[in-house]
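Starting off with a structure, shown below.
Going in written order, the chains are labelled A, B, C, D, E and F, and every chain counts its residues from 1.
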Amino acid sequence: MEIKRPSDSITTMTNLVMPNDANIVGNLFGGKLMEWMDICGALSAARHSKNVCVTASVNNISFAKPIHLGETVTLVARVVRAFNTSMEVYIEVYAENIKKGTKRKCNDAYFTYVAVDENYQTVKVPAIQPLSEEEQELFELSLLRRQLKLLMAEKITLKDAPELRAQMVEWMETSKG
Amino acid sequence: MEIKRPSDSITTMTNLVMPNDANIVGNLFGGKLMEWMDICGALSAARHSKNVCVTASVNNISFAKPIHLGETVTLVARVVRAFNTSMEVYIEVYAENIKKGTKRKCNDAYFTYVAVDENYQTVKVPAIQPLSEEEQELFELSLLRRQLKLLMAEKITLKDAPELRAQMVEWMETSKG
Amino acid sequence: MEIKRPSDSITTMTNLVMPNDANIVGNLFGGKLMEWMDICGALSAARHSKNVCVTASVNNISFAKPIHLGETVTLVARVVRAFNTSMEVYIEVYAENIKKGTKRKCNDAYFTYVAVDENYQTVKVPAIQPLSEEEQELFELSLLRRQLKLLMAEKITLKDAPELRAQMVEWMETSKG
Amino acid sequence: MEIKRPSDSITTMTNLVMPNDANIVGNLFGGKLMEWMDICGALSAARHSKNVCVTASVNNISFAKPIHLGETVTLVARVVRAFNTSMEVYIEVYAENIKKGTKRKCNDAYFTYVAVDENYQTVKVPAIQPLSEEEQELFELSLLRRQLKLLMAEKITLKDAPELRAQMVEWMETSKG
Amino acid sequence: MEIKRPSDSITTMTNLVMPNDANIVGNLFGGKLMEWMDICGALSAARHSKNVCVTASVNNISFAKPIHLGETVTLVARVVRAFNTSMEVYIEVYAENIKKGTKRKCNDAYFTYVAVDENYQTVKVPAIQPLSEEEQELFELSLLRRQLKLLMAEKITLKDAPELRAQMVEWMETSKG
Amino acid sequence: MEIKRPSDSITTMTNLVMPNDANIVGNLFGGKLMEWMDICGALSAARHSKNVCVTASVNNISFAKPIHLGETVTLVARVVRAFNTSMEVYIEVYAENIKKGTKRKCNDAYFTYVAVDENYQTVKVPAIQPLSEEEQELFELSLLRRQLKLLMAEKITLKDAPELRAQMVEWMETSKG
């Protein structure tokens, strides 16, 4: 099966924050932003897998900086790692200041999608080949997050997760210093 | 400051899945469900803190079982742990079969909220006192999740997270077996 | 056929008033509140009848006190009387002040629903057995409202409505005083 | 103060039933129709009173015949009686068959609105002078409905409602036959 | 085939500008108004052709005067010319001042619709017979707009558009003066 | 004042057609697409002018090919010509077939926007310098469309529109052949 790069699945979505999207203090409502993230991530996963993709889990979303009514929001999503039938997608959210021509990063998120066929059965997806240093780092962190999730849900032990085990040893070493 | 129990902040939200809420295969759209979760969790955090609460992060959402058009959805949210100005809220989602009078659990999620005053400044929130065994377990896991998040973001080392360190040692022991 | 109590069908719905739900003076828009009432009442009727329920009529809604943007709204619905294939549902609407932990009652409403099967044919529903004094009063008023509606639509005469006739006699007596 | 006819306040609203407006069996969702009724009635009351009008109560709505996806809906509202600061508005709902050029009446409703000034204080509204026989009948029924509502809420006795008392006597006579 | 007048297809739609419909400066959002225009025009074309109509093109919309939150908007649409299977519809938009009982014209637009049967195949539509002077003028301008569009898309030459050619000669004459 | 190229204002918007966006035959509803066009075009104009932009007119939209439920829609907007305080934006709409990795062009549109400052007063915008042959062609057509609009509205004569006059002469020559 074909191997792809994260950049092959980059999907960009632009929106204007309208009154309809705002919460009671005039900022972009978190529920609305999550809806946009979900669609943008699903399109990125679909671009990677050439199949319809459904959301399997949200691994993390951070709401670091509020986005205001009337601002332009850009979401950029790309697949950072693929695991047999699932893909982890990294989504970055920027708010744009039109006057100054500047952008500030406001949030990021990790969503996992599963590719399905016409009968709603899961299908295999291409693997990811990271090239740049940043892609490599996201690729490795993705595996650690996955192993941690399975470990905390008691579906695996550390024996099945050598990469996470190595990371834990490293954390322990560092904390001794 | 007052200490509260998780049960003090239980918030229940009931919805009917209308065509407007469905995705293209006729199930409840993930983005819509996240919107409902966000509101239900915010109301629970508000009930705990007696203040307006804004979403700080989504720690995890799992979309285990699809919910269908026409089904009744019940969300139940409660604060499982409080950390100075933030609260972790656990949200469970059930779909109900009216004919049979049965409910199935479809999803769960962990959201973190921050309490703010009229000037949008963070305020201290009451601590949580878990009583039941389940409450105690959610209480302990909440701290581990928080320490892991800070550790992976390189904001702390394991030295600052003795509970997580102990858990890691236990995981390592178990995997030796 | 089984007999049920009003409390068996209690259905609670919680919502946050978002900008999207407000009218031009910043209060919860009446049309939106009616939509929420309709869904909450239908779920209560479904819980009573174990069948899908469709709205047959709105008997009365009073909009006594406005609800403001950012407030938490709780709707509580329960079946007060059943008539062969139809049910009258009483819906109360509360707005909550999070800071003070108080609730004020803002509106109430009476909706009538009909239970239908898969072929959209009406089906019989369980009778209601009121227990508390308040349940008993709502139960009796429900019959009077129904008889009045049929009488004013010229579908019955007072001969078919002995309870209403007795009530009229009482009203006449009282007014003589 | 000026006296007006019901026809002076006739307000017509036309809508197409889109997927967004449908319930799970493909008919116009009751909550949506109530929203349209509320707006159409408020515009009619505003036309009569030359002021902004807010909904005071829904006196009755009957959902006699379902309206289907893709049909054209026409709402016609007019003020049938005015009482000092409030107005009762009668709203008729028609569904149109474009191919045949026919219309069928599907629902009707009675809403009460109150006129308010810039400071949200109630203001006096013009009286209604019914001319046609149908207008006269709606005019008289409107008073009876109002007296009944006040009587059932124990805000008046029959002494304050001579028209309703006369009607009751007539109902009693008729039922003797 | 039957010949009809523009007045046979007049369709009126009334709406209240709610917060949900406003842009960030508190005026009716252009995208929302276009949505209303599209529905109102499609209903007018359906009334003319006795068939479902789909939008083929928007020929022109001018946004001359903003409409404010809380204002009543009335759209009036009528077919001004029919061309075999398509119709050009003229849509006028008015905002109403309830207090003063005045209306101001805010926008107008020309939309073209095509009538389709159950199999989504285009069907012939009745011709238009303009009667009043205004109807006659709209009728003639409609043909010129159509010929110009085809000419600019290089689908015809001026040889196929004698009316447009005559108009061009007139424009040239006028500009000589 | 700065001169810019059309490519400086390219704005891309990606959307998934959800049930909420569909008309009664399951295709993307025209009113919804116009709403997306309006936002995408406004963002492109804002990028060109570094100011908030409001819609002045829609010059043309063609709905050539329907877009289906579940398809991914991409809108691409860029400023093709600037006139003192207004800009004409060309918007192309593509539907994407994920499985095949192909895109088909479905619609295009021309919108005119005006740049405004904080006080809602129009402000001057940078001129456009077309470079490629396609950009040059769009640049010239934009002027002709503007002159035609003013001429048909009787706001100018051909004397004020030498480019349009020359084009008319050319059309007349061609049609003689």
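Note that a residue touches a chain if its C-beta (ideal position, glycine included) is under 8 Å from a C-beta of that chain, and two chains touch if they have at least 3 such contacts.
From a predicted model like this one, the values you see are computed outputs, not experimental measurements.
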Note = Co-neighbours of subunit B and subunit C resolve to A, D
Rigid-body rotation angle, subunit F and subunit E, from Cα fit (steps of 5°) = 180
Query = How big is the gap, in whole Å, between where the Cα atoms of subunit A centre and where those of subunit F centre?
reply = 33
Query = If you average the CA atoms of subunit A and of subunit E, how far apart do the two points sit, in angstrom?
reply = 46
Message = Roughly how far is subunit B from subunit E, centre to centre by C-alpha average, rounded to an integer in Å?
response = 52
Request  = Quick one: which residues in subunit D touch 2 or more of the other chains?
outcome  = 19-20, 29, 39, 70
Chain pairs that touch, as defined at the top of this document = A-B, A-C, A-E, A-F, B-C, B-D, B-F, C-D, C-E, D-E, D-F, E-F
Ask   = Which positions of subunit E touch subunit D when the two form their complex?
value = 11-16, 39-40, 42-43, 46-47, 50-52, 70, 72, 98-99, 101
Task = Quick one: which bits of subunit E touch subunit F in the complex? Just the residue numbers, please.
result = 25, 29-32, 34-39, 54-63, 109, 120, 141, 144-145, 148-149, 151-152, 157-159, 165, 168, 171-172, 174-175
Subunit C-facing residues of subunit E, complex = 17-20, 69-70
Ask   = For subunit B, which residues count as touching subunit F in their complex?
value = 19-20, 22-24, 29
